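Multiple structures follow.
Next come two complexes, and both contain subunit A; in the first it sits with subunit B, in the second with subunit C.
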Partner chain A sequence: MTEIETFYDVLRRQGISRRSFLKFCSLTAASLGLAPELAPQMAYALETKPRTPVLWLHGLECTCCSEAFIRSAHPLASDVILSMISLDYDDTIMAAAGHQAEAIVDEIVEKYKGNYILACEGNPPLNEDGMYCIIGGKPYLDQLKKAASNCKAIISWGSCASWGCVQAARPNPTQAVPIHKVIRDKPIIKVPGCPPIPEVMTAVITYIATFEKLPELDRQGRPKMFYSQRIHDKCYRRPHFDAGQFVEAWDDDSARKGYCLYKMGCKGPTTYNACSTTRWNGGVSFPIQSGHGCIGCSEDGFWDNGGFYNRLTNIHQFGIEANADDIGKTAAGVVGAAVAAHAAVSALKRARDKGGNA
Partner chain B sequence: MTTKSAGTHVEQAIYVYEGPLRLWHWINAFAIITLVVTGYFIASPLPTVAGEASDHFLLGYIRFAHFAAGYVLIAAFLLRVYWAFVGNEHARQIFLPPVASRHWWGEVWHEIKWYAFATREPKKYIGHNPLATLAMHILFIWGIVFMMITGLALYGEGAGMGSWQYQWFSSWVIPLFGNSQWVHTYHHLGLWLFIVFVTVHIYAAVREDIMSRQSILSTMISGWRTFKDARPADDEHS
Partner chain C sequence: MTIQTPNGFTLDTSGKRIVVDPVTRIEGHMRCEVNVDSENIIRNAVSTGTMWRGLEVILKGRDPRDAWAFTQRICGVCTGTHALTSVRCVEDALGIKIPENANSIRNIMQLCLQVHDHLVHFYHLHALDWVNPVSALKADPKATSELQQKVSPAHPKSSPGYFRDVQNRLKRFVESGQLGPFKNGYWDNPAYLLPPEANLMATTHYLEALDFQTTIMRIRTIFGGKDPHPNWLVGGVPCAINVDGVGAVGAINMERLNMVRSIIDQSIRFVEDVYIPDLLAVASFYKGWLYGGGLSSKNVLSYGDIPDNANDYSAANLLSPRGAIINGNLKEVHDVDLRNPEEIQEFVPHSWYKYADEKKGLHPWDGVTQPAYGLGPNAKGSKTNIVEIDESAKYSWIKAPRWKGNAMEVGPLARYIVGYAQGNKEITEQINFVLKTLDVPVTALFSTLGRTAARGLECQWAAHKMSYFLDKLIATIKAGDSSTANVDNWDPSTWPKEAKGVGFTEAPRGALAHWIRIKDTKIENYQCVVPTTWNGSPRDNEGNIGAFEASLMNTKMERPEEPVEILRTLHSFDPCLACSTHVMSEDGEELTRIKVR
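Coming up: the complex of A and B.
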């Protein structure tokens, strides 16, 4: 283990001053929502602990998680990849290729038994024995199971690995399933989003690398520090929601004034993520700030939740897709008509019976 | 239970619904009207109000009314469950339909025929007729339990992960339905279920009051059941 440099060693080798290192620790502690007195603890950890080996596997995915990750501003992704962890395998960004690259996975699994982190981007398809995703001539499912066999924990990057995402959307021809449906004996941290927020991704890694434990997770396995509130709860347009001020059409005056996008189908009220707090692109903006509603990309099954502009899910059991309002109005109408007809027949019958008795 | 003579049967009025039960009924009526109206406007808000956001709290008040009525409904329901234990036999009827009794199902069928105009005369009941018992149990009791649980789960989302509503309800209800949007969708479907229920309930109560052999509407006000003929009731043995 000791042949691996610590985070601090790497930084010093790169010519970064101790002062800059301590500033980094303070900033990262703050971004993780930790108390100020934990910054020295973080510094100590990064000075003394060997860097955690990480295997980053890619299943069925679109690489948007990687694209997001490399844009993290606090901390910079380069700091995380080059210094904080020891990213030993990531077929998208590593220079090595071919059998030698694939051999790294086997080596890490044996050499760092129980000490490495497995980061999964994308998910495995189960149909046709996993033939819908082949890595180095073998099904991705095999690589995933092999890599997971000795890992300390798994990070499920993005909605693919966490929930299934687009490739698992109905009818799911490849039977793509999230990681936790295949690997059941390892702790799994879900970091959903399509993609997840860059700063959330790097912060999760920083937390694990620093404290050598997993962040506190909610019941569905997401880190509470980033997924405990809905977009809606911290949305800067929330006052317009409470006031009853809504965008009613994309080009109306309310849209120009930046009113609430609830009526345009914004899924902020049903979506657990940190977009309205951390925002994107180094804190520049997030979907609602740019004038479009949230599409709920970090929610389980978001592709099967009906249109991006509906706040209620379409219900397929009724043959054609119908939303709850259509079903309810139809049912209320049918029952209302039935009641009226029944009342009319009852009245006629009663009148006839009375007539007969008279 | 004022008078109950075995053979000839001469009583004219029986005290069926005790005070707390009648109070529950009318609290429910007002709470459900409030919940349905505010619930609809939470899902489909009123047109945008003009002016500064700080001058208005329209949807805020509508949501407050919804939550307040919801808690009233829940508190009343909990007291009603208590009353099912300590009240008279009629206080238990809609909680425990005798589904194991073949005879009871026969009477349900008879009541269905009465509603289908396939029989000339309904049976006579001191409590609910069997079809009403069944409808109340399934649509109302289970319907209201469903709405209370999903409602608390949705409330817990706003109250936050530290709240008891989140820990007791949202934490398992949301994963059970898959995601928050499905809980919203089914809770909204429940709104329409209650519109249908109220429609049928009011119609059936008025119709029964006119066409059946016992009083309905006045009973939920006074508590006393009166009858239009002196023949024995069909649920007297129960």
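Coming up: the complex of A and C.
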């Protein structure tokens, strides 16, 4: 396909010098947490490849993943769309509609066999023969299967595509299922979160375009580089947890001092995501920094894991690492006992408030 | 066959049927079918919501304090507006009063959404209905620079070299053969009226706006921790204020307030130097294209929003106007009561739901939703391969809400018409400025272009109001009040055994309300009637058509096989289908019987 320009050609023809191009590669490598020596490898890859076609499909969802994507501060969405990938189908922003839009899926699936990425936002419902989500008069599931048929890999954006998310919360009336339940023969990268962190989304895309391989995944299919640590592990309020300093009520003196939100229901100790390191929207803040506990939105089934303000009751969930289990040896038994006592009280109270049916 | 609708439209289904599915550049999934006559004029229009998620049944039995997080996931585009509606709804039910600072912060967050959402809608969802980026390649950068300096002398990015660079970037992009989002667009359709220079200017701003919008929502990240889907709290806001002592560095402090101030200032500048001038420039070339008025000259509705002082939801205290106008009588603005069972009701004779008695409508507190998918006898295709809809039967996942029996239009234009009719000073000044600049009569408001213009004006209004509430927040802190949450009724043991409440906002797309019933500290029933339920409504028992369908009537299409005009008018409402079609019932029991294959 000689008529297709490479990423580097595009940049050069836009008047960007080789020097700035290499600088871009170094910065991108750095933002991905990669060693500096990988920058030339990135430059080589981007210089020699056409932009990878991407089909971005929408099932049952709320479009928060797309909204997150366009909020990426580095790289900017405009640079990703104009220079890094070829976003050939995305019903949220594409100019064409109706059959002119649907024709694009057919074309890409044939023309770029094995060479395009399928990005999935949302998920397919199985009830009512799939007609709780209709595209072109047919079940979304049909479009999904067609688009997946020749793809190189699938990115499951957000918790809908990765786990099922809110429409799959009990009792899941539409029988919405994550992508990996219906597409089983393609590599799938899960990028969970409701939505995922904007810069994590663009980093995953950039990584694939740059290194021509999929990121290393954990057992659940998430990129290790962003999902291997808990919010709690890197939380800037962690010292307060270790010291037994907790917010006891909204807007109390401890809240104003920025103490730990564990007792307010924070799910940071059991949530794997990069919020406490990458932070959100160009590093401005993240939920805990702005005073609310983590609701665990990147975890499977987080909607059904008890209320958002119920504190985690199982202290052993705190982790694999001993220091998390021991929660602050300095404050020792006092805090541990206090936390456990609170947990017991709260569990009793819940049982009293509502007979069963948590 | 010709049908006369009670709300004043003549439907004729005899002409050629055109199907657009999916309708793109919207939130969610939607289908549209029209019949055009031999002159290619639309004589019948059918809009179908094509998705359903069932969020309210999922809410049943849960903690009302969690409801904001679930309902926020109704929509990630108008992110937060459902959450705000939800916390107001729960607070109404439980009689919780919020601190003044919480009201100011919530207003700043809601106004910030309006600014962001309207800007992104205009440039990234709507612009390609008016602007042709391919034509921009033919523009003279020097003439474009002159045009830019004429329409907005204050915007610094206006040199011929700047436009040449952007044009080169576009040229390379197009020549690469990989057109991305512009692929298969309708770029040689005569419906596009802008000269190449205006196309280059607007396309350049498409890119500038895409970059700038990343900044706007940081205001919500400061107060809510992330965006999309920031965090909220029943009883106030979760972010604590501490401008003085130990720990101030981790709370809302001077540095955070300064960042908010800086972003507000940048937003005002961008809206006034780029968005509004572009809007007027584009409108000046299309002011002869005044299709798309639909219901706007007849029936419009707004609930009002942005309470000046905390906890007072009376119309007099709301900065965004409340009222209903019927049959185009601007002299009389009716009050709206969301608690009155006779005012807002939802009907389902043409929706894929079942009522025991479908002749009647139900008030949301008593709402029932039981899905009942199926096609009418005249539909073409099959149940899982719809070729043509039969609109005489059930045909949409959207219910038909009515206000005192009337189909209503909601949204920025509805708010501005209500405000204009009430003599709201700010709104009247803005509208008069636009009418005078474009030299068009007030009736020009009732159009696709009017809807698009009202959205821009509201964006400008909202940007300034953010500044007002930041001033107010700082003044309150200065006076010694730093409180952000009222926790008196946080503990469910303080709640009554049964309670019901209603909360409302003006979402970017229009009037939004949630109704809740709480029993034994859990959600017994939760109902949402959202803007696109109003605008995207299918027909009712009397045959009244909804706002989308009405707006498409009598529009001339240049080329029926290329739906430029249909997209242009539908986009002027900024449809949000995930919002409109989630609605679920009081008793979800029926659902659990649905077979799982």
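By definition in this document, the second predicted complex is superposed on the first by the 310 of 358 C-alpha atoms of A that agree within 3 Å, B and C clash if a C-alpha of one lies under 4 Å from a C-alpha of the other, contacts with A are read in each partner's own complex, and residues count from 1 in each chain.
We take it that a contact is a pair of C-beta atoms (placed from the backbone, for glycine too) under 8 Å apart; a residue touches a chain by one contact, two chains touch by 3 or more.
This is a predicted model, so every value here is computed, not measured.
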item: Partner chain(s) touched by A:267 [first = subunit B, second = subunit C, both, neither]; value: first
item: Contacts of A:187 with subunit B and subunit C, given as first, second, both or neither; value: neither
item: Subunit B versus subunit C as contact partner of A:215, first or second or both or neither; value: neither
item: Which superposed partner A:288 touches (first subunit B, second subunit C, both, neither); value: second
item: Residues on subunit A lying within both footprints (that of subunit B and that of subunit C); value: 259
item: For the subunit A and subunit B complex, residues of the former touching the latter; value: 218-220, 224, 228-230, 233, 239-246, 248, 254, 259, 262-263, 267, 269-272, 296, 299-302, 305, 311-313, 315, 323-325, 327-329, 331-332, 335-336, 339, 342-343, 345-346, 349-350
item: Complex contacts: residues of subunit C adjacent to subunit A; value: 19-29, 31, 50-55, 57-58, 61-63, 65-66, 69-70, 73-77, 79, 120, 124-125, 128, 165, 168-169, 172-173, 175-186, 207, 210-211, 213-214, 217-218, 221-231, 233, 235-242, 245-247, 249-251, 259, 371, 373, 381, 383-387, 397, 482-485, 487, 490, 492-493, 520-522, 562-563, 567, 578, 584, 588, 591-592, 594-597
item: Partner subunit C, residues of subunit A touching it in the complex; value: 3-5, 9-10, 13-15, 50-51, 53, 58, 60-68, 70-73, 76-78, 81-82, 85-88, 90-98, 100-104, 126-140, 165-167, 169-176, 194-195, 197, 236-237, 249-251, 255-259, 275, 280-282, 284-292, 295, 297, 303, 307-309, 353-354, 357
item: Subunit B - residues contacting subunit A, complex; value: 43-49, 53-60, 62-63, 115, 117, 157-158, 160-161, 171-172, 174-175, 178-182, 184-186, 188-189, 191-193, 195-196, 199-200, 203, 207, 210-211
